[in-house]
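The data blocks that follow each hold one structure.
Two complexes, one shared chain (chain A), two partners (chain B, chain C).
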Partner chain A sequence: MSSLVGFLSLVFAIGINFYLFLSRYIFKFQKQKFNLFIRFSSLLTLLSFFSLMYAYVVSDFSNYNVFQNSHSNKPLIYKISGTWGNHEGSMLLWLSILSIFSFFFSFTKNIDESFQRLTLIIQSLLHILFGLFIVFTSNPFLVNSILINEGLGLNPILQDPGLAVHPPILYGGYVGYSIVFSIAIAGLFQNTDDEWLYVAKKWSLISWTFLTGGIALGSYWAYYELGWGGWWFWDPVENISLMPWIAGLALVHSLMMVRGEQAIKKWIVFLSILCFSLSVFGTFLVRSGILTSVHSFAADASRGIFILLIFFIVTGFGFLVFLLKEPKKSNALNLLFINKVSALVINNILMIIATLTILLGTIYPIIIEVLYNKRISVGGPYFNATVIPIMIPGFLLMSIAPILSWQTNKIQNSKKYVLGFIILSILVLIQSYFLDFNTWGFVGLLLGFWIILASIIAIFSSYKVKFTIKFVKIINPHIAHIGVGIAIIGITCSSVFQNELDFNLSEGDKFIVNGKTVLFEEIETTNQINFQALRGKFLFNIEKNQSKQIEAGKNYYPVSKMITSEAGILHQWNKDIYFILGDQKDNEWFVKVLINPFVSFIWLGVIIMMYSGLIAVSRR
Partner chain B sequence: MSLRFQRLLLILLTLVIILSAVLLILYNTRENVSYFYTPSEINKPDIVKNETIRIGGFVENNSFNKISSSSFKFKITDEKASILVIFNGILPDLFREGQGAVIEGAFVDNDIFNATNVFAKHDENYMPASIKEDLKDTGYWNKKYK
Partner chain C sequence: MSRIFILTPLIVLLIICIFSLTYLLSGKDPNKPPSALLNKDVPIFESSSLYNLKDVIKTKDIKNKKTLINFFASWCSPCKIEHPLFFEIRKKHPELYLLGFNHKDPTADAKKYLENDGNPYHFVGVDSDGLIALEFGVFGLPETYLINEDGKIIFKFMGPITKDILKNEIEPLL
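On to the complex of A and B.
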């Protein structure tokens, strides 16, 4: 029953969008009525999504999708998240989020009516494309022909609270760029004034904030769930999410800086199209099965071709409009050697090069295989060695960019900055001399601290410190950059200064980690709702009274016959102590302990960046 | 500095950035890319000792041996040839005999492959697309694999 409701409302919503698209050139709608139709179709799409979710929650195994991906003994939260833990459901989620963005955009006030309508028509077109994709290749509402009492279960690795919310948030970013795309195209067509720039800024900030949150959640999940001790592996799917993120960052900066310059306006349109194209391209790469990764649910050639088609339509249409239409002429670019505009230009060039580098590394294996029939893999070392050096000048630039002038080459209070930089370099050099000297570690720490210091100097020397909302908004760019600096420190420390210790232990053994004695208490097995848990119990720092218990082990999921690792992590503000339980032989267990310094700084930095993203939404 | 000179400087700077990025990419695609083989392709003489490569195939049945709780010996096969692998560390959760795996490492001598990384992907039906074709040819292909 719920499958029928879901399918009908999905089809009906697509029908409404068709009708809207056709009627625009036949009937003349009143604005109110038009928006009502858009909202109605959005609600229908959501109804469709929630009926699938309902089928998951009540374990309605008459639905083929539920049967394939769910099991009646799963905890409720994973029944809900199972809705998007598979290809079909995740595409329906994609469409639902597209609808939500259209829904809210239809309420935007104080913008030109015809501009708003044109934007929504483009959204309608996207809705039709992705809607047809779902109906024809990925229908989640197929019904089993025979009666079935039990499902096959959700991939255990996806049964995690962090990962349950990761897809909707990430999609909020990916799909959010659809509205930015539509706004940019509509802006080119209408071409009346620069109003669309403000609208685009708001929505691209929202999308970027969602994307940041989604990537960070995925990365945090990989950190504690995969049990490899790292949080970024340059996996193709991670790269795919990073590309629109960097392009989106360039877009946000361009939108902040634009003062009606013709060249920058054009560039903004280009970036808007690029961001959404990269999102669709990423979907194609993941869903087509060309790239094998944690995220490729199933490879199906017809899906790949369909998405590739959508990609070509979206990108082709976007760039065609971009080439044919010009933004209205206005101010010329005020380029000086080092002023705000030139900093922006260089920063954008660097970001685009970084994006292209990642793109190249991600699809290089495919190109080589097609051309030479040789198989290669491009892993972390390539990306570390190309992307990081490209980003470094950008990071240097960003420390001073917010205080550069619009009109002249002069930098206010330049002496303070030079002095600050010299003192900081000496301090970091001394510090790295006492720890093991490492070039990357030195560069990373210096950059991170310098960005923070320069931002703080800028806040205190350029503005009067007041505790008002207005002040919070004014210093927001600096706060965002402080977040980046903190994240850089975290990234540098946790990757360069990571320490790895290996032990072979029996129950009751004591061993030393980071100068503290750890007791390997026992191995315990317990039965949980839908898995069996094997846990090694460790007592950290037994000499003191405030000893901490750490549990590391594995879970066995009988339904899918799978094992997952569960790392035991002791979080401290300046380091994570990360326990992984390995294999066993003759009562000896292999235990790997990783000391990851300042990992928490990464998450803190990301939270600050997201906060700034949200604050900037409200700033005009 | 005249306006014209400043713009020239900017353009030069941009060119330098782009050029260095291109050089960086070219250098790294030669240095930091590892080739991927199946076990039967290994015996070609073009594989240099101590060069990092990846090998994809199946963990051969009855070949897995625990030397200690953290060092393992097993064979990777594609039914035409098999390679003896030693690995120190923690094997991935889905590592099992008869399952697909990709190993990264280098040959320490002509017969023994020293693995630094072992990948067994998260979906138990997972199969690296790149070795799918070979497996279909040898009949090791299992319909369950997607």
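On to the complex of A and C.
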């Protein structure tokens, strides 16, 4: 029954959007009525999504999708997250988020009525395309042909609280760019005033913040669930999310220039189209199964071709409109040797080069395989060697960019910055002399600390410190950059200065990690609701009273016959001690211990960036 | 000039779409990479027997007979799954030469494994440092290669072989 409700409301919502699309040419609407229809179609799409969720929650195995991806003894949270833990459901989630964005956009005040309507019509077009994709190739409401009272289970690796919320947040970013795309296209068609730039800024900040959160959750999950001790692997699916993120960053910064009335409209429109195109392209690469990665989804050629077609239509349409209706009026840029405009332009160029470099590395294997029938893989070494050097000048520039002037070459308090930089360089040099010297470690630490220091100098020397909301908003760009600096320190330390220790241990053995004695207490197996757990119990720092227990092991999921590894992590503010339990051999267990310094700084930096994104949304 | 700049994204889009479409339509399976060695000569190798170091097998020893080469190890659990199939192959095709390469394994472990699960191979070569596997382009264990009488690789499979693969892909080549 819920499947029927879900399917009908999905189809009905597509129908309404079709009607709205035609309304531009055939049926004329009043504004009020038009917006009501948009909201109604959004609610129908959500109804469809919640019907599927209901089917999951009550374990309605007459629905084929539920039967394939759920099991009655799964905990409730994973029944709910199972809704989007599969291809069909996640596409419905995609469509629902698109609807939510349209829904909220229809409430935007203070913008031109016909402009708002045009934006929503473009959203309707996107809704139709993705809606038809779901109905024809990925219908989650198919009825199971046999009567059955148990399901096949959700992929155990997805049964994790972090991963349960990762897709909706990530999609908030991907799909959020759809509204930025629609706004930009509508702006091209109407070509009126620049009011739409302010609207675009708000929505691109929202999308970017969601995307940041989604990516961070994904890499945090990879960190503790995959059990490899790292948090970023340059996996194709990670690259796919990184491309719109960097392009979105360039977009957000370009939109800042609107304040200095230096907006390069052409460039902003280009970036808006690019961000959404990259999102759709990412969806294509992932959903067609064309790339192999940890996110291996079922591959299906017909789906791949359908999304490729959507990608082609959306991107082609976007860039074609851009070609034909190119914005004419453009302010001359006030480019000086070093002012805000030139810094932003240079940063934009660097970010686009970085995006294209990642794009090339990601699609290169496809091109080579088509041309030469050879399988190659492009991995970490390529991306580390290309993307990081491209980003470094950008990071350097970013440390002082917020305090540069719009009009002149002068930098206020420049002496303070020079002095700060020199002192900092010496300190970092001394630090690296006493610890192991490593070029990347040196560069990363210097950059990270420099960005933080320059931002702090800027805050204290350029503004009067007041504890008001207005002040918080004024210093927001600096806060965002401090977040980046903290994240850079975390990234540098945890990748360059990571330490690995290997042990072969029997129960009761003691060993030394980081100067502290650790006791390998015992191996314990327990039966949980839907899996069997094998845990090695370790007692860290046994000499002192404040010893901590760490559990590392594996889970065995009998329904899907899969084993997942569960790393045991002891979080300290300045390092993570990361335990991985390996295989058993002659009563001895292989135990790997990784010491990851300052990993927590990465997550802290990301949280600060997201906070800044949210503050910036509220700032006009 | 600026027109060219604006046209670039469309051109890039077209190139990406053409390549992706070709890829999708060619029916390639991301889990089955094409082997650079397919239809090429078998790599030159030399390996001593697991049981007798003086007993050596070389590339020229497998000339003029069809050979099935299987890379395995005692630590590799998927290898255990396909293992019984090799007895079946040996029984059904006595003319086929079965050559096993024991990959990065302590000798004692390998011997114990073949004692417990049986030894279907005519010859078990030692590849303790993995150099032979490197020559063959082995991705991960197990991997199986079929070599024809002319010493050319005519079939390659990654992962444990199954009854279906044996019936549909290997046996037609024998």
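Keep in mind that, in the parts below, the second predicted complex is superposed on the first by the 612 of 620 C-alpha atoms of A that agree within 3 Å, B and C clash if a C-alpha of one lies under 4 Å from a C-alpha of the other, contacts with A are read in each partner's own complex, and residues count from 1 in each chain.
Simple rule for what comes next: a contact is a pair of C-beta atoms (placed from the backbone, for glycine too) under 8 Å apart; a residue touches a chain by one contact, two chains touch by 3 or more.
Predicted model, so just to flag it, every value in this text is computed and none were measured.
**Q** Put the two structures on top of each other at chain A: do chain B and chain C fit, or clash?
**A** clash
**Q** Does the superposition put A:304 against chain B (first), chain C (second), both, or neither?
**A** second
**Q** In the superposed arrangement, which partner chain does A:614 touch: chain B (first), chain C (second), both, or neither?
**A** Touch partners of A:614: none, neither chain B nor chain C.
**Q** Touching A:429, do we find chain B (first), chain C (second), both, or neither?
**A** After superposing on A, A:429 lies clear of both chain B and chain C.
**Q** On the A-aligned overlay, A:367 touches which partner chain: chain B = first, chain C = second, or both, or neither?
**A** In the superposition, A:367 contacts chain C only.
**Q** Report for A:562: first if it touches chain B alone, second if chain C alone, otherwise both or neither.
**A** The first partner, chain B, only.
**Q** Given the superposition on chain A, which partner contacts more residues in chain A: chain B or chain C?
**A** B
**Q** In the overlaid three-chain picture, which partner chain does A:353 touch, first (chain B) or second (chain C), both, or neither?
**A** In the superposed model, A:353 contacts chain B only, not chain C.
**Q** Counting only touches as set out at the top, which of chain B and chain C does A:323 meet: first, second, both, neither?
**A** The answer is second: A:323 touches chain C but not chain B.
**Q** Identify the partner contact of A:375: answer first if only chain B is touched, second if only chain C is, both if each is, neither if none is.
**A** Touch status of A:375: both partners.
**Q** Clash-wise, after the superposition, say which stretch of chain B runs into chain C: 3-11, 21-29 or 111-119.
**A** It is 111-119; the other listed stretches have no clashes.
**Q** Where on chain A do the contacts from chain B and from chain C line up?
**A** On chain A, the residues that contact chain B in one structure and chain C in the other are 289-290, 292, 299, 369, 374-375, 583.
**Q** Which chain A residues qualify as touching chain B in the complex?
**A** Result: residues 155, 157, 227, 289-290, 292-294, 298-299, 335-337, 342, 345-346, 349-350, 353, 357, 360, 364, 369, 374-379, 381-382, 385-386, 389-390, 393, 409, 502, 504, 554, 560-565, 580, 582-585, 588-590, 592 of chain A touch chain B.
**Q** Chain A touches which residues of chain B in the complex?
**A** Those residues of chain B that touch chain A are 1, 3, 6-7, 9-10, 13-14, 17-18, 21, 24-25, 28-29, 31-37, 54, 66, 68-70, 72, 89-91, 93-94, 104, 121-124, 126-130, 146.
**Q** Which bits of chain C are touching chain A when the two form their complex?
**A** Per the touch definition, chain C meets chain A at residues 2-3, 6-7, 9-10, 13, 16-17, 19-31, 33-34, 36, 75.
**Q** Considering only the defined contacts, which chain A positions touch chain C in the complex?
**A** 270, 273-274, 277, 281, 284, 288-292, 299, 301, 304-305, 308, 311-312, 315-316, 319-320, 322-323, 326, 363, 366-367, 369-370, 373-375, 583
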